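Dumping the structure here so I can ask a few things about it.
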């Protein structure tokens, strides 16, 4: 396979160097390999005989594998992709890093771990390479921001993550439903802008067949399974109550003292909301993780849902979905009062306060310190993030790469024609863009041991969801443990990392 | 033996066995039909009969044979290799140790036979969750990470206690007179064990081998930590597909069904051994 | 060949394996449990703090209690079912091999697949179990969402998956029994039931002990099906110690604390492993003379190759 591809290469590229080689290559490549190569002006290297081992969380491997052959053909190098079961990615990467075992050159993982890996020196700074990159400026600023550790870029972005809301247009936009809703609740039925509306809509659509499927529908579907994506969904709700737009960095901790905020009344309110909406979901919602939420949502009758951009893509696949073309989108609602950790009181606002949450932070690629082929590794990362390839990836179903560059949002028509064949991409793209460029967009927790903080939060919210503890008591327990983790990890260093994220000094 | 006379009610047995067969097989049936379902049919279910209440598709098997074939068959081959070889080694070493424990008296420090036996089986008691980290470090140091040898070694270690423990009982029950008789016929110890005792213990050996095979076959954690690509096993490949983000249950079902075939084949090969042979003179 | 020294070669491999592959991880786990180590294994010595913390860790205690319950309820149930099936299947003249395959097949399904398939089957809307039950009885059962039933569901799946393990060992035990005691008993005019109680069951003693002990050891490590089916929920009512330790130690990198959990579990399993055979001895001693006689008769029958007047 590799040899075969090498034969396709223009012979001249191995001999020449510098800009001459580049232009020669462009010309010849466009003849030999077609337009895909011609759109890569920065291509300059020859990696014949070099193998780049890429370790990737299994969920997004196809977003990388799809470019393997093309890159191999162009450079003569070889790519070996190792899929690591999604949930075990962190510990697998971490143990490989800390034991010094050289197992891979490139790691593709969640951006939350960037500071941890960067500070320990497991991954290399990419600043020396970035001058070669021609499309850095088109990465959305909120995605750019999370690539840094101590002022240096450590990753190539491959994905943009933000959690937002979905609704079924055949539920919310139907005149008959609108009229009945108006009569019952006294205001117009539309995509929710407050959590009260979200609740009312969920209630309204629960227990009757509004879709004509012959089965009673449900108001809402959110992933609530323990040890799954639950915390992300919960935080995306809590952020709206606790991430005060007038106080930077107020979501997880008090940025001055690192006192956990997860048990403040804002978080408690979000947990109460989350518990309440269980009534409007299917009984098994408590056992549905992210995957089950998506599979069910696109094949069933749920008026509202909360997820990353994945539901939108999955809904376009008619093998999985019965709701193609029936999907509406909204930035998650906001309350009119947000907790203020300084005054220790609710702060009233005249408009709903949204706080879109970049949960998980998106997939990013880094180069391992132990890599002996960093040049090739960089070239491959740059290749899969090239402007045309990134667009191909985000518009192909099953890649788990969601839009993260300006040009991904600017041409909805291309989404209709791309493999995903998105039925009505404009509102989808507008919503993601609105969420990602929202002034109060909230980054995920990017401090040391973020996994432990999440695990604790998950455990205690589950206790509250199951009714064995009150929301207040459960979150108080979680906050106690967060305090202990911070203390163990070092308050000062955690504080610095936490403040870095919000640009606080 | 003709096992018909070991006791118990006879008319009841048809009912009990039939009920259990339904209980045991229905989930298998469900896996099988899930492998032929479209994702939306899985989530709109329950649909019971392909062609009747849902339209079967072979997407999943096509995926196994095309996109997923590299990883799938690589993992499948490794799993068969590890399960078979570690099964053989653990039964072989196990049989010798069991023979020793059944026939001789040992004194290792304060430990006598029962203690040694317990000591061996106690290796199985350690929850592997944290031990894998130590094993990972050791394997890295020894250069055994992601190697075939390393994996066969670890699975032999994993299954040996079980073999020893199971086989001791089986060998104890074989009358030593038979070996004495063989000794008189000029068999040395090793040949006595291999040609006289072992064949008589075949039901136990077959059971121990099968269990070793199964434990290796289904292991996830050791393979996850100690392999990377080269020696990756099927459960790790399947786990990677499950990716709790993307519910590819159709694919997991197909892989799950195919993954049942090798153990079934192993069992069929062992089948003859599972029942005691008539004793030879 | 000098038996006195050669005999040590027989037991050497398992003991060497122990030294090589069990001892170091064991010591390391013990060591880690006294530190606040992360996944790199580096950490500070904190003495018994982890254990002290476990004592008041409500979720760990819950998981520990659950694990005990899984083992204490699951293992006997699986033993009885395995025994009944082994005895019954062994009596089939025709189709015995097929029946054996059918009984054993759940053991061969990858645990991950076991988990998700049962999860779908027990789903009240997508699964066949509730659907059929509703059609037959009109009752909807919240298998996975009710606290008690979720626990029961895990036990049902555990029983589905592991009864074959008991069956396999007990069946092998039956298959290797000498036939003479049975023939003698029938000649004496004993009923099938008497034969089972007086001969089959006592003769299966060692196999039973092995089956329960080995299964018991595994039962304390229950993990996969809990993780895939309920994730330990609702709340933490179905969570197990290995699941908690896995998430604490490996998934979220709090290795020291997770190690302490597994040490507690290890001590529990060792206690079970040493007390159980002892308890069996005590009970069999108290079961009366008939039983003892039967055992003796059978041991005699076994040891002397079934030569019986």
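Letters A, B and C name the chains as they come in the text, with residue numbers starting at 1 for each one.
Please note the rule applied: contacts are C-beta pairs under 8 Å (C-beta built on N, C-alpha and C of every residue); 3 or more make two chains touch, one makes a residue touch a chain.
The structure displayed is predicted, hence computed values, not measured ones.
Asker: Based on the touch definition given at the start, go ahead and assign the chain network to line, ring, star, complete or other.
Answerer: complete
Asker: Consider the two chain pairs B-C and A-B; indicate the one with the greater count of contacting C-beta pairs.
Answerer: B-C
Asker: Express in whole angstrom the distance between the two chain centres, defined as the mean CA positions of chain A and chain B.
Answerer: That pair's centroid distance is 40 Å.
Asker: Taking each chain's centre as the mean position of its Cα atoms, how many Å separate chain B from chain C?
Answerer: Comparing mean C-alpha positions, chain C is 15 Å from chain B.
Asker: Where in chain B do residues touch two or more of the other chains?
Answerer: 42-44, 133, 137, 239, 242, 249
Asker: Send over the residues of chain A in touch with two or more other chains.
Answerer: In chain A, 87-88, 95, 99, 228, 289, 296 touch at least two other chains.
Asker: Among the residues of chain C, pick out those that touch two or more other chains and give their numbers.
Answerer: Residues 39, 41, 125-126, 250 of chain C touch two or more partner chains.
Asker: Residue numbers of chain B touching chain C in their complex, please.
Answerer: Against chain C, chain B makes touches at 1-10, 12-13, 16-17, 20-21, 23-28, 30-31, 34, 42-46, 48, 93-94, 96-97, 99-101, 104, 106, 108, 116, 118-135, 137-138, 153-154, 156-157, 160-162, 164-166, 169-170, 172-173, 175, 177-178, 188-189, 200-201, 203-204, 206-207, 210-211, 214, 217-218, 220, 234-235, 238-239, 242, 249, 252-253, 255-256, 259-260, 263-264, 267-268, 271, 274-276.
Asker: Taking the complex as given, what residues does chain A use to touch chain B?
Answerer: Chain A residues touching chain B: 53, 57-59, 61, 80, 82-88, 92, 95, 99-101, 103-104, 228-229, 289-292, 294-296, 298-300, 310, 317-322, 398, 400.
Asker: Touching residues of chain C toward chain B in the complex: what are they?
Answerer: Touch residues, chain C against chain B: 1, 3, 6-11, 13-15, 17-18, 20-22, 24-26, 28-29, 32, 39, 41, 81, 84-85, 87-93, 96-97, 99-114, 116-118, 120-121, 125-128, 131, 160, 164-165, 168-169, 171-179, 182-183, 186, 192-197, 199-200, 206-207, 209-210, 213-214, 217-218, 220-221, 224, 241-242, 245-246, 249-250, 255, 258-259, 262, 265-266, 269-270, 273-274, 302-305.
Asker: Any idea which chain A residues touch chain C in the complex?
Answerer: Residues 87-88, 90-91, 94-95, 98-99, 225-228, 282-284, 286-287, 289, 296, 449, 451-452, 454-455, 459, 462-463, 465-468, 477, 488 of chain A touch chain C in their complex.
Asker: Quick check on the complex: what are the chain C residues that touch chain A?
Answerer: Those in contact with chain A are residues 36, 38-42, 58-59, 119, 123-126, 142, 144-145, 147, 227, 229-237, 239, 243, 247-248, 250-254.
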